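Following this line, the structures themselves.
First chain A sits with chain B, and in the next complex the same chain sits with chain C.
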Partner chain A sequence: MELHKNPDNPLLVPSTAAASTKGRTLRKTNAALWFLLPSLVILAIFTFYPMIMTAIESLFSTNVRGELAQFVGFSNYAEIFSDPLFLKSLVNTFIFVITAGLGTIALALFLASMVSDKLRGNGFFRTAFASTMGISGAVASVLFLFLFNPSVGVIGLLLKNIGVKQNNLVADPTGAMIILVVVSIWMGTGFSFLNLLGALQSVPDDYYAVADLAGWSSWQKTWKITVPMVSPTLFFLLVVEIIGKFKTFTEIDLITGGGPDNATNFIAYKVYTDAFGNRNFGIAASEALVLTAIIAFATWFQFRFTERKVYYK
Partner chain B sequence: MYIKLDHLTKQFGDTAVLDGISAQIQEGEFFVLVGPSGSGKSTLLRIIAGLIPASSGSVFFDSQNVTDLPPKDRHLTMVFQNYALLPFMSVADNIRFGLHNLDLDATEEAKRVNDALDMVHLTELRDRKPKELSGGQQQRVALARAIATKASLVLMDEPLSNLDAQLRTEMRQELVQLHKELGMTLLYVTHDQVEAMTMGERIMVLNDHHIQQVGTPLDLYNHPANKFVATFIGSPKMNMFDATVDALEHFATLELTDANQHSVRLPLPYDLAAGAYQLGIRPEKITLSRSASAGSFPVRVMAVANLGRESSVSLVNNGHEFIASVPEQYPVPENQIVYATLPTDAADLHFFDEKSNLAVNNKGVPEKAGVLDGIA
Partner chain C sequence: MTTSLKHINHYFWLTLVALLMGAPILIGIWASLLPTADIAAGHLTSTNISLNNYIAAIQTTPVLRYMANSFIVAILITAGQFVLCTLAAYAFAFLDFKFKKQIFALFLITMMLPFEAQIIPNFQTIRVFGWLDSYAGLTIPFFASAFGVFMLRQAFLQVPDELHEYSQLIGLNHLQFLFKIVLPYSRSTLITFGLYMFLTHWNDYLWPLITTFSDSYRTTQVGLKQLQAQDTFSNWGVIMATAILILLPTLLILLVGQRYFKKGLNTGGLKA
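Moving on to the complex of A and B:
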């Protein structure tokens, strides 16, 4: 009889309760798959397929149209790691990611702690500090290009007036790096600020009251209460910011174009110029994979060594 | 430590939170601040702790004016409603956190932590994190942190509010016991009048930014200074009746009616000036019987809350609802007519001035004496 075969009916087949649970789990999984299908399809087309193709392409030489020409094994990788330009790019990328990443979080934490109190007028500053989230990278780049312009920009003229000879920062390797770090911090602060503000405001006031009664100083309260309490947010932001900074592209393209003297030719930008400028798709693919590996490692490293210090509720 | 509050006021912007608060708290006293939410009692506690500044007025500890001293220099400790245990620190570290400004050497510090843990019976949980403890255990850690400081003044802000009813009753006993053993001055804030009555040696009732009355629990219960205290202290709360006293007559006429639809008249226990009053009568002072007798009047039973050893009976007469507490189980169905008798003893009849809501003395004059108790 049909009913007796139905493993989902525990009354009829009491001896196979385990099988019944299994059946229910299976049905739940099926339903879940259907719900996931739209995103899976989109991810497959726009993320997984390009990733796999990039991995394959990195093992081939290609023609100018980007079609696979000849299997070359790991020689693309050997080539980029013996290319001084790539190694320079690697070093500059790290300098940029670390300064801009930490700078963003430090500035955001500072601003958030300034306005987390319920004081009159703080609403304005909260909106102002968060507003950079709504500005596109391209707009910000052009804005800062003007600000740093040696003959019409406010910052450019200021530098000239305080006696900086090289006030055309974009033309200077270090100066160009500084501009990109500044723009990147400015762009990233809004998001980090909002997250940290939320975290700060969820720290109960009573913790500080206990600390006040026990005579801890402001500085000690910050390190003993605030930082541990917002550590999950700090950790989240560290991971997100570091990944984000590695992927910086728009600002480089619009402000420095990777120059001067390749000083700001970070890996993500070099992948683009090698692929679509030099039409060397095999090389670009292997560089992209190296970048992926670096980001993956950086993230793993943060989870491995930073997360231990993070307190989760 | 002896505490004197001298005309303290607190305003947040244009809103007055506390107004003219003056009181004295004796050394070693278990002193309870009680009042409904928003009455300013937590604000007062935080002003005493130095966590927020008063708008005007002074706080004295012994003879020292501490109004402008920072919290750390006031040598007091505080227990919070949410315990304020740092979630990433162990139990022992949380207790140690409170000892910072005492500058103890390592041996003494360890001893303080161990003794405090021992006192609240949590020694074996010393390395746990707060989230691994039950609410009651977290409460004990917060207590241990206060005990370890050996401060002579301990402030507690609704410390039992987050516990379940049974645990709360147990902890009340323990706190009273702890206070007896350690002998510190204890200022205890609560909105729960039962807590105030069962724990406090003296109670300050706060409402509407003002002190309503200061006194022992039985003072407040037996001689409420005004209508607010009368209805706030005691559960079920005191019944209030409109009463009119006519000149020349020694009766109060109530808006209740007897079996013949005549107004119920109560012989006055003392002379009162003619006029309108509020008459307060505690529910347990109203007696109920199944049959009519001299001086009784019929009432309809609206509901009966049986508490096992006693019952609260909601009654209605002539559109006026009131409650009688019966010291027994009361199996009477709703809508049954029973007969109520009001007390005649002077101590059981609380007359309040209709305008000022203050209790009137036996000369019929509003009395402020109860309110003034405790002011230097």
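Moving on to the complex of A and C:
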């Protein structure tokens, strides 16, 4: 390889290079450039350029091939915010994100508190509770489509047996939303569970010992020791979960297709259908930027908060 | 209540909850072993179990091809990210250079930008490059990862200063220091990194959905949709067998990697 032949190659410069002279600083900057360049090139082509293009496209009308046709200013934004379908998808997205996000964390906290002490056998259950982590949206969708199937699925048949007339939940607007929330909670619990387990276990035992001496009830211990101690983790998870839920796509595509009656047509899915289904790239671009703004805000919030958490430690 | 009764109570509830959480997978595995005729008749308690659905899935659907594609794609992305992220993380951890803070911030900013918002121009770029329906199109856009750089940088910063000074003393160059000291020292993070990235991209859905059109490059997750859309949809036995096949590598990785994931989460939580 080229690297070995060229003695001036910055990658082969001894890692000593102290920054005392101008020449050396320059050399180090060169070295750093070699290390950073591959990542920067990929990011430039596949992250920064497309972000800028999306921003530009959102200000244009486009033809069916996605090429810019005419500058229209902010009228794409005006259009989506006066489009009842987009507003409906915005509302539905928020309903989904909040119920699925809170549900995931509540279930994870419940599970973590059940197995956080050092009882025998808890290790096995920890593995069991974490096991849904990493399962793909597509596989989860198929597993749940089967469970909820009105004529062959365990839950579908159960609903039928207890007398629910509309036991085909996918065909019902509320039912479809419930399925997506259930799948989302099921998929997300493992990650939150492991995080909360770590937080619960890092609360010093002494605190509880002192509380016992002071004669506190378990209720008092929960609210005065446990909750404050794990609250940074809870907050961190809340933001992470919210960002993740906003991006939900696979389960919608496979389970509901956005229906029925657009009840589960969330923003991320609407971007996709408007771009690759309706070929309305300008509209899709402005919807994508609204999604970006929401996610960027949540991420910024998370970074600020995590910093504070480190400070407190 | 006596202590042992309390324990029995505790384990009873734990078992119940674990069964509920595991039910979708357990029922899925059970159904994958049953003849479709029995499933269609609602006889989930049938005992006609066999591996016939798996044989049918492998013989009548391209699931093995899809799995091979996913495997190739996930391995290529993980390898690409390993190289690019290691280099960038090394620079941020051990080198001083102009605009270091700003460039690091630039990397972090990309974590705020959802891929969903980049997908339209990226699709057009890939089309211009002639990479639609190809491994290049499926992998190269993911070679850089700000999250990966961040994760490795945190690990590299743990390398003791003494080791850094010592390696300078004996005149190791950057690459020697990286390969002989930094990477071996960060082994457990690297394993976490590899497993995490492989899993993430084994599960990729939206990008392969948009950019692949043929079974030669279609990946498992999208393949599952393809199979479901075809007439095999009513063949629940085969569908469940396919889903379980696709799930197996995931479960394997989680089993092997659990130790590392937990460790990664803990140190990540402390350091992030």
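Note that in this section the second predicted complex is superposed on the first by the 258 of 313 C-alpha atoms of A that agree within 3 Å, B and C clash if a C-alpha of one lies under 4 Å from a C-alpha of the other, contacts with A are read in each partner's own complex, and residues count from 1 in each chain.
Everything that follows uses one rule, which is that contacts are C-beta pairs under 8 Å (C-beta built on N, C-alpha and C of every residue); 3 or more make two chains touch, one makes a residue touch a chain.
Predicted model, so just to flag it, every value in this text is computed and none were measured.
Undergrad: Now for A:136: first (chain B), second (chain C), both, or neither, which partner does it touch?
TA: Touch status of A:136: second partner only.
Undergrad: Is A:36 touching the first partner chain B, the second partner chain C, both, or neither of them?
TA: A:36 contacts chain C only, not chain B.
Undergrad: Using the touch definition from the top, say if A:158 reaches chain B (first), chain C (second), both or neither.
TA: neither
Undergrad: Between chain C and chain B, which one touches more residues of chain A when both complexes sit on the common chain A?
TA: C
Undergrad: Kindly classify A:78 by the partners it touches after superposition: chain B alone (first), chain C alone (second), both, or neither?
TA: In the superposed model, A:78 contacts neither chain B nor chain C.
Undergrad: Mind working out whether A:95 is in touch with chain B, chain C, both or neither, as first, second, both or neither?
TA: Touch partners of A:95: none, neither chain B nor chain C.
Undergrad: With both complexes superposed on chain A, which partner does A:106 reach: first (chain B), second (chain C), both or neither?
TA: After superposing on A, A:106 lies clear of both chain B and chain C.
Undergrad: Thinking of the overlay built on chain A, is A:115 touched by chain B (first), by chain C (second), by both, or by neither?
TA: A:115: touches chain C, not chain B.
Undergrad: From the superposed pair, tell me which chain A residues show up as contacts to chain B and also as contacts to chain C.
TA: Comparing the two interfaces on chain A, one with chain B and one with chain C, the shared residues are 313.
Undergrad: Where on chain B is chain A touching in the complex?
TA: Residues 46, 49-51, 70-72, 74, 76-78, 80, 82, 84, 86-88, 97-101, 131, 145, 149.
Undergrad: Quick one: in the complex, what on chain A touches chain B?
TA: Per the stated touch rule, the residues are 204, 206-207, 209-216, 224-225, 228-229, 311, 313.
Undergrad: Could you list, by residue number, the parts of chain A that touch chain C in their complex?
TA: Touching chain C from chain A are residues 3, 10-16, 19, 25, 28-29, 31-36, 38-40, 42-43, 45-51, 53-54, 57, 66, 111, 114-115, 119, 121-122, 125, 127-140, 142-147, 149, 151-152, 154, 157, 186, 189, 194-195, 198-199, 233, 236, 246-247, 249-250, 253-254, 268, 271-272, 275-276, 281, 284-285, 288-289, 291-292, 295-296, 299-300, 303, 306, 310, 313.
Undergrad: Which part of chain C faces chain A closely enough to touch in the complex?
TA: Interface residues on the chain C side: 7, 10-11, 13-14, 17-18, 21-25, 27-28, 31, 39-40, 42, 44, 83-85, 87-88, 90-91, 94-98, 100, 103, 106-108, 110-114, 116-125, 140-144, 146, 149, 164, 167-168, 171-175, 177, 199, 202-203, 205-206, 209-210, 220-222, 224-225, 228, 236, 239-240, 243, 246-247, 250-251, 253-255, 258, 261-262, 265-266, 269-272.
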